[in-house]
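As written, the chain order gives the labels A, B, C and D, with residue 1 at the start of each chain.
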Amino acid sequence: MQQTETAQGYVKNIWDTVKTTLVGMKITWRYMLQKPITVQYPDERMPIPDRYRGIHYLEQEKCINCLACARACPIDCIEMEAVRHGKELEWISFTLDYQKCMFCELCVYPCPKDCIHMGTEYAFVTFDRSEFKHDLLSFKGMAREARIRMKEAEAKKAAKDAAKAAGGGKSAEKGGEG
Amino acid sequence: MDFRGIYDRLVAIHAPGLVKADEPRKADPKDKKDKGRAGDPFVLVEAQELARFLESCRDDDRLHFEQLIDLTATDPAKDAPDFWIGVQLLSLKFRHRLAVKALLPKSAPSLPSTVPVYRASQWHERECAEMFGITFVGHPDPRHVLLPDDWIGYPMRKDYEFPKEYHGISCE
Amino acid sequence: MANETRESAQGSSRIQATGPGEVTVDIRTPDLEINFGPQHPATHGVMRILMRADGELVTGAQPHLGYLHRCAEKIGENVEWLQYLPYTDRYDYLASMNNNLGYSLAVEALLGIEIPRRATLIRIICAELNRIGSHLVAFGTYGLDIGAFTPFLYTFREREWMMALFEKICGARLTYSYIRIGGVFNDAPPGWFEEVARFCDVFDEKWKEYCDLLLVNQIYVKRTANVGVISRDMALDFGLTGPMVRGSGIDWDLRRDMPYMCYGEIWRDGAFKIPVARGEMGALGDCWDRSWVRVMEMVESTKIVRWCLDHMVDGPVIGEIPKTLKVPAGEAYVGIENPRGELGHYVVSDGGKVSIRTRVRGPSFCNLAVLEDVLPGSLVGDAIAIIGSTDIVVGETDR
Amino acid sequence: MSGTSAFLEGLKAGLGEFVPMWALWLGSALISVAIALGLISLIAMFSVWLERKVAGHIQCRYGPMYVGWHGWLQSIADGVKLLLKEDLIPRDADRVLFMLAPALVLAAIVGAMAAYPLAPGILFADIDLGLFFIIAMSSMTTIGVVMAGWASNSKWTIYGSMREAAQVVAYEIPLGVSLLVPVMVAGTLNLREASAAQADFFGMGWFMFKNPFMLPAFLLFLVAALAETKRAPFDLPEAESELVAGFMTEYSGIRWSFFFMEEYAAMFLMSAIGAVFFLGGFESPLTHLAGQLFGRDLVVVGAGPEFAFTAINWGALVYQLVAGGTLLVKSFLGIFLMMWLRWTLPRIRIDQVMTMGYKYLTPLALVCVLGAALWEAGWQALVRS
């Protein structure tokens, strides 16, 4: 449509324009009659693959509070706190700041117990910024099993000590203490 | 041409400012302190001669470095005396690369601009200037490129102190 | 050069006295200064171009960057080698896989380690798929800049599939962090390779459609041919790379000319070609040539993917990498062929856990510099076409 | 005599001396304006919905789906939203012109609507210069657009309005000239009469088939109409990727929606003109059939001076509805064609728009007129001999 020198070019210009327009219209017409490929989002959702990197979830029973994930995190958004009672842990917090988190999955790989995972939940919406600091713990304090195990371990230890005291007969006071 | 060939050619044409070649080497088993050097070989040149060196690299018909791919600076450590100026040259004709490195004293960070040789270095030099505080003498457009015009300090230096606030916006 | 153009553009409106009794009249009107961006539909992000215009004629342009500057290089000096990986996703966010690859290759060059072959092949598949995705965006949004809305959504339809493929293999849709130092994060899930093959088959049909709908459309041709011509010398002088340099008729592709990974092997097998513009619709190096190169590169990428699928081997996907990585002292520069050009990573290590310099040579940054020279003398509508044809990702120009 | 004045005469006769004639005129004028405005709103709403659906399906997506069946109430929801939005006027804008511009645009298109025949017997105004009137009124909108661009005091808007002015001036010529071809065949500028002239061949005697130069003239008209209504590929005044939103960059809320209504109403009018002058207007086999079955005239004008109309032929109402519906369907087909083109083609550059207008469309349209005139003359000679 510009700088046409020859009559031939003039006609060719018109011809090309009409032809390519019709070709394009044919393509769009074909698609208009097809079923759309989109889904109506909140009602239907696309399937989420297994490896999806969404909001984390923690297998708290397995976690040993080793801080490997927190160290691996490039932006230090994982913070955890737990009190150790012998072998058992009393959980206080395990927070992930989703304002910072960039879902890189680097925290998942170094875990020795394979207990932190990326979940499939992705829509994490809130009106308050502080809620983005998400606590991954499913319970605070100690698990019932852990408590039982601790009790058992203590009892065992006490029994052992008692046995030792009885066997050795050295210190009756110590046995009494346990 | 491989690196040796390029270096020999540079020596043969008396490229201005050429100091030496630095090639990766294995750690010396006898010397405990020597860790060796990994990575790519490069040639070391004098910073003040850098532009002329690049010109001879570009114009030599055996080297034929048509393109300057990258020009950057490095601040190796807080207490290091020098900046490193690193240049990557590329020859499309002979399919070879050359890494050029120049040491620029931190006390006088100024060197002639390479823009007359390669226009590609125009923005790279602007970036270096604002990030490291290196003056490229003769640069046609020495404004900031990435940082705001009123930015204080040279962020890519190792001794850079992060600002507490910027125009009232807290950076904490 | 901008000044010269401005002078010549305005020279015509100056009525010069030619003899005695005449006076010189200056009927120049002041140029309009337009702030093109940072919030503008055609800047592909937040970039600002200060344009001077004489009516519809652009007489000067000055790109202003930095609106998306996120200190990627400084961060590189403060986090560990492995931890920097997610940040590489974020400069060229349309081709994250390629960024991961470039960084990983640079660190591996320092480490001097061997990558398992399966990992290499998966890397190439991912990088090429991502090249397709990136060019789809480039082509689609270019159509959008020109004013065609529909091809944009068609290209995004295919890109959506590509992203779904990546979602299956690594769990993310845009910032993959999948290719890591030493290999790739995890092996492909079952059935993934078959789906990739299916994607390639479908794509072979679809790209012809884009050509019919947009690339050869007469309006598109007229809008892009002879517009924004970048000559050979200019392309070399400005250090342009990738489709920009191939669009100027220079036969150069790092995958063939400086092969990394096993691209050399694929090239020797004759699996792919390098599309180089021939100036079919107008002057060599115009916008049409660049968009043509991009479309053709997508086709070649599917061939590379097919080759890798055919030659896939079993085995591990990641080499032996210690948990806290210490990289031997030294420096390395590795440039790879990103969808936008040569993405260079210049890494310097002093033998520690943290690099002392991570330099990113973003192709968009270098390709953008040419605008200052190309824009003056074009129309405002052309300016958009030219900016679009450089296919910049602002995340990469600003890093 | 036009329908309205016949009706008014009848009313006057009926109401006798109670109401003065000027009040009747004024009342009917106000009612007409209200109907025209309502019609424009309805057309705009339906067109917006249609546009979104067409665009959606062309692009493999659904378009609006939630408000009503397939989102058919979406436009109403949007309209309510636009009404409730904050009315923004930029600080440095020329307030008077800024507020006047959308009103002027809307007023011009409402005025143009007056010549649109709802049905052969139901008209706002049966203007003998109907076609001329519509084109003149719809190019009035350009003044509003230029005004908007200037008053906004923004560089993007001034670009938009500059382009609009240049473009409309360039395309008025081929538009008018290409319409000369059917006008020549019809021998009238009146829309109703032009439509009636195509009633032969069982309602298929469309001008399109009556002259070999009609098809190229129609294509030229189509292109010129696209440019005239600022539709893609000629949407340079808006050019959302270049000029943000062109002349309406600074507008929001209800003022912005006026521009939108104008755009769709102008599209509708252009399509209607095309339908009337090329594609048979009211006429189709169905209309023909309805006319045969129920009679055509709505008002059977009596003979006596006391009673201007003696009876209303209610059966003819069916015919009127069918005829009006036919035109409406044809107009919307035209709108659909415009949408289809919009979602297929890229945008032309401004100098190419000018080149196309002056170097391609105008000469070609002139050739068409010449050819059609020669053909008509030859045909007439043939018939006579």
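In this text, contacts are C-beta pairs under 8 Å (C-beta built on N, C-alpha and C of every residue); 3 or more make two chains touch, one makes a residue touch a chain.
Note that the structure is a prediction, hence the values are computed from the model and not measured.
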item: Chain pair with more C-beta contacts, A-D versus B-C; value: B-C
item: Most remote chain, CA-based centroid, reference being subunit C; value: D
item: Gap in Å, rounded to a whole number, between the CA centres of subunit D and subunit B; value: 67
item: Rounded Å distance, subunit A centre to subunit B centre (Cα mean); value: 42
item: Subunit B and subunit C, separation of their C-alpha mean positions in angstrom; value: 24
item: Subunit A and subunit D: spacing of chain centres that average the CA atoms, whole Å; value: 58
item: Per-residue multi-chain contacts in subunit C, two or more chains; value: 150, 154, 157, 213-214, 217, 219, 222
item: Touching two or more other chains - residue numbers and ranges from subunit A; value: 1-2, 13, 21, 24, 27-28, 31, 37
item: Per-residue multi-chain contacts in subunit B, two or more chains; value: none
item: Every chain pair meeting the contact rule; value: A-C, A-D, B-C, C-D
item: Residues on subunit D engaged by subunit C in the complex (per definition of touch); value: 55, 58-61, 155-156, 159, 162, 232-233, 235-236, 239-244, 343-352
item: Subunit A partner contacts - residues on subunit D that touch it in the complex; value: 54, 56-62, 65, 340-341, 343-345, 348, 351-352, 355-356, 359-360
item: Of all residues in subunit A, those that touch subunit D in their complex; value: 1-2, 4, 10, 13-14, 21, 24-25, 27-29, 31-34, 36-38, 40
item: Residue ranges of subunit C in contact with subunit A within the complex; value: 79-80, 82-87, 89, 150, 154, 157, 164, 167-172, 175, 177, 185-186, 189, 209, 212-214, 216-219, 222, 323
item: Contact footprint of subunit C on subunit B as seen in their complex; value: 24, 35-40, 42, 66-70, 72, 74-77, 84, 86, 88, 92, 95, 97, 99, 118-124, 131, 144-148, 155-156, 158
